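Have a look at these structures, which come just after this line.
Both of the next two complexes hold chain A, though its partner changes from chain B to chain C.
What follows is the complex of A and B.
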């Protein structure tokens, strides 16, 4: 018995070794690096306060003036605050609406296309979508008599343009998950509810939405993680500009590491991202249980 | 048995001979930044190099903004993406030289054969670690002769005539804006801004900022260009919104914009270079050039051959390149204007009396470059935030120059 257990354990050693080498060790090393200043001194307080005091992370002047840029940290929260509910709600709405539509498979596939294109391509597409003269968004705005301009070129709209573009790219994910979840709800529940006189809205809020709670947790956690590690879309679309107005934490982390070669500051941002992820994910998972 | 030994011996000799002949066919990789039309102008140079040196050359496209990320990490691993690499960031090249990642080419390069200052930018502790390939002057505002003739316009010869021209362009129906503003990572905006600095503050102020020797008086002159000239021009609507620069080129060619500040390389990207003219802002006493530098990867498995290719490219390669258009030589024999196509010849003659200056953000590099690029994108759409822009640019300049 012990021999059998030992033999079985041997099979997981390679996987454990890889996880340790490529996940655990780099994470611990990053945390350790974040405790040292670029000058080589062990001073966690100084290193973290220096990063949090930089205008690229939190721009006090932006808050005083009430205009972008506010800094990568506030921008990241704005991104999550807008992108997460929009994507989750849209995905759920589309899944419910397309439940009994003929040809819904094709429609879902088209919506899901945004998920399968590389984010760099997505960023370039977004840049052209919001272009002042060539962009499809401005064609629509112009037809409705609204102001047209290159939305990614202006500080007060660059981040929002990227967020709405990201909604287009990520909605397919929540749509597919919710569609799968809806298929698992027994039809008997709906029949019983209708017999009891429930209308569509009551059925949705009393039956559908509660039973989709585990799916919602997955969608929310995965979307937050995706939002927090967003880099390539910003890189391709705006490079964090203009004037840092669309800068977000992951992009700033890249700037520290690969433009300034300041790995200590980059490590601080990485730790911040980790902390935010943990604070969001753990309560959600607990509530789902 | 003897048959088997004989067969084994024959096979071994054949493999050895084959291996030897494969080793003699050296293949080198050149990393360069050009795509599309610009690449089409460079490929004949590589083909000529293959013929001259009897080697095979592969190519990979890597722009300087890619190399800034790739090189330091690959150098740390004792490798590099190609045998011979083009780069515009001299600060990064010097850093690589100090780290032992770039081959010393002092015996191959004589600074006196090249435009003044270009080889000096690649020198560390008296040793030379690269050489300039061709340069691409950014001589001024390009216009189409046919467009100007159609609308009765003439290139300005005085500063007042320049502003009058901009006003005339504003009145033309159907024109989106007098001046096309190119965009990408930000260099088209810094190029036109540097031209404004040269024209209104002088070549010496530009040089002082570029060489990190600017005094407070120089900065006052530098900032005055923004507050007194550039911002009023932006607020007057003379400049378009920043547009992806090749799209802006197409639209300028199609008549959406009157003039476009760019580098000489666009002559290789338009349908009819003979229809293209260029003028500087009257009073400009200098001209910036973006120089493409070349260096040899110290970790190249064919270091000797790579150095041969390097030497060929920075000498005969330049002579070959300038004949295809879009480039001006830095190597003395390649500066003979008789080698240039007519459009390049006209520009080379026009900029000959001007002080040659190095591109400011390319030369300083680092945080200054990315900040200068990004802040100008902000200034272009929000000129009222000029104070904030200037403060951020100055801060980045001090940070980079004090490093």
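What follows is the complex of A and C.
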């Protein structure tokens, strides 16, 4: 029996060994690194407070003046705060709208393209759409008599331009998940509600939305995880600029680690990202077991 | 208004709205293609100006043979990384998933929870130590570094996905084969593997597209221009002060063309993979 257990362990050992060598150990090492200051002293409090006091992470001047940049940490929360509700509800509304539309498969595929293309491409397209000369957004704003400029190159609009671009890219995700969820709701529910005299809005809030709650959980968790590790979009569209006004945590981690080679500060940012991710992912991990 | 007319109006309105939104979502892609397929002088005032309109492949050819970052080379590098970084985790992941689904092994449940947790691990959390491992192993600035990290990075979700798939497959046939004296490996190769083909196709499509699209690992582990994967080349083509949008959009269309075509061909598997991976 021992021999059998050993032989059967060989099924999982190669994968588990690789995972431990290149994911578990590195993650623990990063955690360990974050406890040391760049000067080489074991002082977790000093290292963390040093990073949190950095103007790239939290920019007190920005808050005093009330304008960008506010720092990577607040920017990340602004990003999630705008991007998460917008994509989630837009996807849900579109899924409901497309239920009884002919050719909805094509429309869904078009909207889902944003999930299929590389994120760097997404970033370049955002830069392209908001460009001062070639950008279609400017054309529209110009026609409406509004200000035109390269939106990704201005402090007050760079982060927002990225966020709206991310909405364009990510809405397909919630749309597809909600669509597959809608297909599982029995038609009887709707008929019964209609016979009882419920209107469309009531049906949506009393039947559709509650029944789709498990999907909402998945969409919310996955969207936040995606937002937190968002890097390519920023790199391709703005490089965090101008003046750090579209900088977010994942990007600042790269700047600490691979521009300044300040591994200890980078590790703190990575751990911050990880802690928020774990916190958000708890409901999903619970279900997976 | 009669109920019938109201219903017709409603249908017309929903269709117009839905197709309008679809078109809105498509505009950036139309812009990309329109800019890439014309001389830059024509689109400088906006790609929507169709006068004059002289389609040309010049931008595509220039991007393909570019002096600093030829896309022909980048695409090749992407394939050299992408094919093994898809097949290896598929194989290792399927074998491990079978172990997790069918055998009772010591620490199995703890290991599985760890693996599930790792699916949410941000790549930033492993970047520095892996960089240091590669540095001391002499793997930095090689395509091997990408093959290894993508193999590892794919394993957790592939194991998770395949284990869930296997738990829906009845065990009877495997048991019968075991009674007939087949070994665990024979059972896996002859009976289980053929049944998992549709799931494996889903896994392969998703994994290949992610490896193709990933930018963070190629950026931090590989530095030489001639070893850059296609996605990594795009920012190199951007230029520092002036953006040559014609060249850049042509390269962009080609780089995204691969996953988009895969998606178009294997959409069923892609969606099933993504929905199954996230919803179960």
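Worth pointing out:
Please note the rule applied: the second predicted complex is superposed on the first by the 272 of 289 C-alpha atoms of A that agree within 3 Å, B and C clash if a C-alpha of one lies under 4 Å from a C-alpha of the other, contacts with A are read in each partner's own complex, and residues count from 1 in each chain.
Following the convention adopted for this analysis, a contact is a pair of C-beta atoms (placed from the backbone, for glycine too) under 8 Å apart; a residue touches a chain by one contact, two chains touch by 3 or more.
Here the structure is a predicted model, which is why all the values come from computation and not from measurement.
The superposed arrangement places chain B and chain C in clashing positions on chain A.
In the superposition on chain A, contact is made by A:101 with chain C only, not with chain B. Legend: residue contacts after superposition of the two complexes on their common chain; A:61 is shown touching chain B, with no touch to chain C.
Once the two structures are overlaid, the count of chain A residues touched is higher for C than for its counterpart among chain B and chain C.
Applying the stated contact rule after C-alpha superposition, one finds that A:134 touches each of chain B and chain C. By the document's definition of touching, of the two partners only chain C reaches A:110; chain B does not.
Judged by the touch definition given at the top, the superposed model places A:242 against chain B, while chain C stays out of reach. Of the two partner chains placed by superposition, chain B and chain C are both touched by A:258. Here chain C runs into chain B after the superposition, and of 117-125, 135-143, 189-197 or 261-269 the stretch doing so is 135-143. When the two complexes are laid over each other on chain A, chain A has residues 127, 131, 133-134, 258 in contact with both chain B and chain C. Against chain C, in their complex, chain A makes its touches with residues 5, 7-9, 11-12, 14-16, 18-19, 21-27, 29-30, 33, 94, 97-98, 100-104, 106-107, 109-111, 113-114, 116-121, 124-125, 127-129, 131, 133-134, 136, 139, 168, 171, 176-177, 180, 214-215, 218, 222, 225, 228-229, 231-232, 235-236, 250, 253-254, 257-258, 263, 266-267, 269-271, 273-274, 277-278, 281, 284-285, 288-289. Per the touch definition, chain B reaches chain A in the complex via residues 68-69, 72-73, 176, 183, 185-186, 241-244, 247, 366-367, 370, 373-375, 377-382, 385, 388-389, 392. Contact residues of chain A toward chain B in the complex are 55, 61, 127, 131-134, 149-150, 153-155, 239-245, 255, 258-261.
Listing the residues of chain C that touch chain A in their complex gives 11, 14-15, 17-19, 21-22, 25-29, 31-32, 35, 43-48, 92-93, 95-96, 98-100, 103, 105-106, 108, 111, 113-118, 120-131, 133, 148-149, 151-153, 155-156, 159-160, 184, 188, 209, 212-216, 219-220, 231, 234-235, 238, 243, 245, 248-249, 252, 255-256, 259-260, 263-264, 267, 270-271, 274-275, 278-280.
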